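First comes the structure, then the notes that go with it.
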Amino acid sequence: MDLTLARQWMDAFFEDLKAHKDYLSELDNPIGDGDHGINMARGATAAQEALTQSPPETLNGLFKTIAMSLLSKVGGASGPLYGSVFLAFAKASLDQDTLDDKTLSQLFIDGKDALMNRGKATKGEKTMVDVWIPFSERFNQDPLTKEDVDAMVLATKPLKATKGRAAYLGDRSIGHIDPGSMSSGYLFKTFLNVRDHS
Amino acid sequence: MKKILNAPSDVVEEMMNGMAEAHKDLVHRVGNTRVIARNYAGKGKVGIISGGGSGHEPTHAGYVGKGMLSAAIFGDVFTSPTPDQVYEAIKAADQGAGVFMVVKNYTGDVLNFEMAKDLAEADGIDVAYTVTSDDVSGGESTYSDGRRGVAGTLFMHKILGYHAEHGATLKDLKEIAEAINPNLATIGLALSPATVPEQGTPGFTLKDDEIELGIGIHGEPGFEKASMMTSKKIAAVFYDKLNAHLKLTGEEELVVMVNGMGATPLMEQYVFVKDVFDLLKDKGITVAKSYVGDYMTSIEMAGLSLTFFKLDDARWLDALNAPVETIAW
Amino acid sequence: MKKILNAPSDVVEEMMNGMAEAHKDLVHRVGNTRVIARNYAGKGKVGIISGGGSGHEPTHAGYVGKGMLSAAIFGDVFTSPTPDQVYEAIKAADQGAGVFMVVKNYTGDVLNFEMAKDLAEADGIDVAYTVTSDDVSGGESTYSDGRRGVAGTLFMHKILGYHAEHGATLKDLKEIAEAINPNLATIGLALSPATVPEQGTPGFTLKDDEIELGIGIHGEPGFEKASMMTSKKIAAVFYDKLNAHLKLTGEEELVVMVNGMGATPLMEQYVFVKDVFDLLKDKGITVAKSYVGDYMTSIEMAGLSLTFFKLDDARWLDALNAPVETIAW
Amino acid sequence: MDLTLARQWMDAFFEDLKAHKDYLSELDNPIGDGDHGINMARGATAAQEALTQSPPETLNGLFKTIAMSLLSKVGGASGPLYGSVFLAFAKASLDQDTLDDKTLSQLFIDGKDALMNRGKATKGEKTMVDVWIPFSERFNQDPLTKEDVDAMVLATKPLKATKGRAAYLGDRSIGHIDPGSMSSGYLFKTFLNVRDHS
């Protein structure tokens, strides 16, 4: 995956976030504060603007611009979390012109680690960590499909939240899909899509 | 949604400008940032900052001024502020002795303030912080995210602001903050929801005779939906929840705050505080000071919260009683 | 009706007791009367009293204290207090120099206060009074009852309280009051109604996108129902109404008050005040001081009022700026 | 009309006020603040209590007790207005054991004058003055019926208010019956009833 393709991936991700703005917020309503879609869409718009204004010339530059846009525009929990993920992406792609499968695998692992480092959440706490762990772990093994990603996202539904806003609900958080996992799902699915159609 | 606004997406900007201009004798907006800082500098003293999502007015900017906060950061409505903006507040508040951050326990707030601290430290500004978690609606949660920071946080602002003004160091303030936090307990309820302007629809719904007990200041669901009950009954339910956390013996002195959530009139708040006083009198507990009013709101949510602050240290009361020069304290 | 209450018929009693106990450092309830008086006596000085129906909290008792009101009378919700209770306030406020009453222009208030004055004078207490009528929603009514006393009245409390504290006589106060009144102009609007607890149903209804312009603080209908409009547009409509009364030339200094009616969050009030400031700047008018917040409410009505106070006399600003010791000013 | 009958009249009036509490408030809603029924019912209850506690022994005492109860319990505009009316009634019946037609006529005229003195309203301003004037003027001429009183009350409907709360409405006050006139109508009708059935 080269810069052009990575840029396509990111654009597809941002378009997805904007298209599903209301849906993501709706997911955040029953177990959070109903703003995840607004937050992510705001970040997406800001990132797209930044990328248009000064188009990055390296993969590192691409991910760093996105990280800074998300950090300064998203707010909420997801801002610093996605910001940290993309900072890790930037680091993993430093001095790389294209990302081969091994680098890509490392990129997702580094993203997951950055996420867990920043948010201190572990597996099963009903956060986006619960899609990042299986995705990054299985990336190298199976040929992952969009259906696999959907299943990972759906698997957050029965979990009881113990991190993030949803934790205030205790047992009442059970039975709802985690909104951050859904938005991360868009990241993974747009990735698979761009990779498979290129 | 019926609100007095122009574009919903401009609400925070416009509110900040209105606030800064209406109270220009006390505060100013820092450039184009999301920061309102006090005019009084407090040279050589530690700056205290706080912030969070907007929609809790007069929190936080209403408490910016001599003797309380040095600066406040405005996130979008009900959304944590971003690290770059928190960093702007740190820079505005730093008068050479470092900056102390009062963060309410929300994942988003904690993460964004921590990132700002990283940024500031990279630039050589000393930063320390405390995380308030006075909401007891989740019971004695074992996981750290279970207890939110709510209205009790304001006592933290006031007492730390007082000590900063009197020359306390970052280390002193951290110690004071850690002594205070376990003595704060708050519980709230909602009668009707709030609407985030950019969302346009209420964050939750309640039936005509239904209330939500243990609600958060962003409309996060509480521990129980219940039928409407009398003020006396609510006071009793709340007392039990707060007591479960503070384990009151009857010997202690309390500071009491009844905090309106936005749409609940003072009329109801004063009826309620009287029921709380009566209950405390029955238990032999002394009320050293009390606050009633809209201190930390949830836009136009109807409801209120009750905070007990156990005066483990008599100096805390002196700090509360000291005058400040703010918009809303 | 969803309210935090016990028996609706006890709401005023319970509210008064809550208020007196919560703020016992400043005020007390006078026996079993409907009067809250300040602890500070002000020996030898004229006492200033005000009052009216309940439901406007923090008006009036929130403004009782050194430098402002001596005592406040609580009528039933939205109902003028009775003469015997006003007389109790007169007795509580009298420190030998007589008592000055600030009455808002409602037939009921005027009649009941006048009767109380008769009672007090029969007992040898000197009483004088002024009737405020700052509401301009009726246009330039020729009949005296057409203009209500609303939020602008609070400037009267503040300035008269200042002068009483500094030794003004009843005659001085009457002169000052008569000089102030024509310089006050207020106009309000409602987005949603208030419910009197004993009535249980809202006093009026508005459609989802409808607002009422020129509404009174008891839900009295205004001059026009209109579709919801932007804050900027409301500011323009209000400016025209206030200007029609005050006939601003652009040379004057104004004090501005944006007053929330109860359920309207500060967020909206600050957005609105910014639009007012922008308009005034365009006209070249100086804002000497501004107030934003819930000063004179209408239970849980959503809406706000805008008051312009034309500073014809520079000393009025000094009086406004002087510190007071009250619950809510 | 002796003390017993006058007491019956007053009790009937108070019962009417309590029975029509909601209706009187409803009348006050569109052109006032919706409390006229509450105010008057509160006064009625207080007056009945006072009369039970220390039953008056003279007509003067009856009306004075009522006046003081209304003054201290009704509040609003109607409190001092009705209070003044009953003070005038008390004065007019001073040293009288029974009220003959001439005294009764004077009583209603004095009541009207006290009302107008206190409230400064004149004819046609859509206040209770607009039923007190015709009732007290016509009392001596025609044999007045309850239908006549109803017509007087109804005649306040087309008026535009220029006194009292309804004055804030200007033209919008037109088309509504004045609530204070309705409660005064009860006073007159219970009077006619008691007189005609004794």
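Every chain is named by a letter (A, B, C and D) in the order it is written, and numbering of its residues begins at 1.
One rule holds for everything that comes next: a contact is a pair of C-beta atoms (placed from the backbone, for glycine too) under 8 Å apart; a residue touches a chain by one contact, two chains touch by 3 or more.
Nothing here was measured: the structure is a model prediction, and the numbers come from that model.
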Shared touching chains for chain A and chain D?
none
Whole-Å distance, C-alpha centre of chain B to that of chain D, is 54
Find the geometric centre of each of chain C and chain D from their Cα atoms only, then give the gap between the two centres in Å, rounded to an integer.
31
Length of the line joining the C-alpha centres of chain B and chain C, rounded to whole Å:
29
Considering chain C alone, which of its residues make contact with at least two other chains?
none
Which residues of chain A are in contact with two or more other chains?
none
Chains that touch, pairwise:
A-B, B-C, C-D
Help me check something: in the complex, which residues belonging to chain B touch chain A?
53, 75-76, 78-85, 106-108, 111-112, 114-115, 135, 137-138, 141, 143, 145-146, 148, 196, 198-199, 203-204, 216, 218-221, 223
Over in the complex, which chain D residues touch chain C? Could you list them?
25, 29-30, 32-35, 38-39, 42, 71-81, 83, 118-119, 125, 162-165, 167-170, 172
For the chain C and chain B complex, residues of the former touching the latter
2-6, 11, 14-19, 21-23, 54-55, 57-58, 62, 77, 191-192, 197, 208-209, 211, 228, 230-232, 234, 256, 258, 262-275, 277, 290-294, 297, 299-300, 302, 304, 328
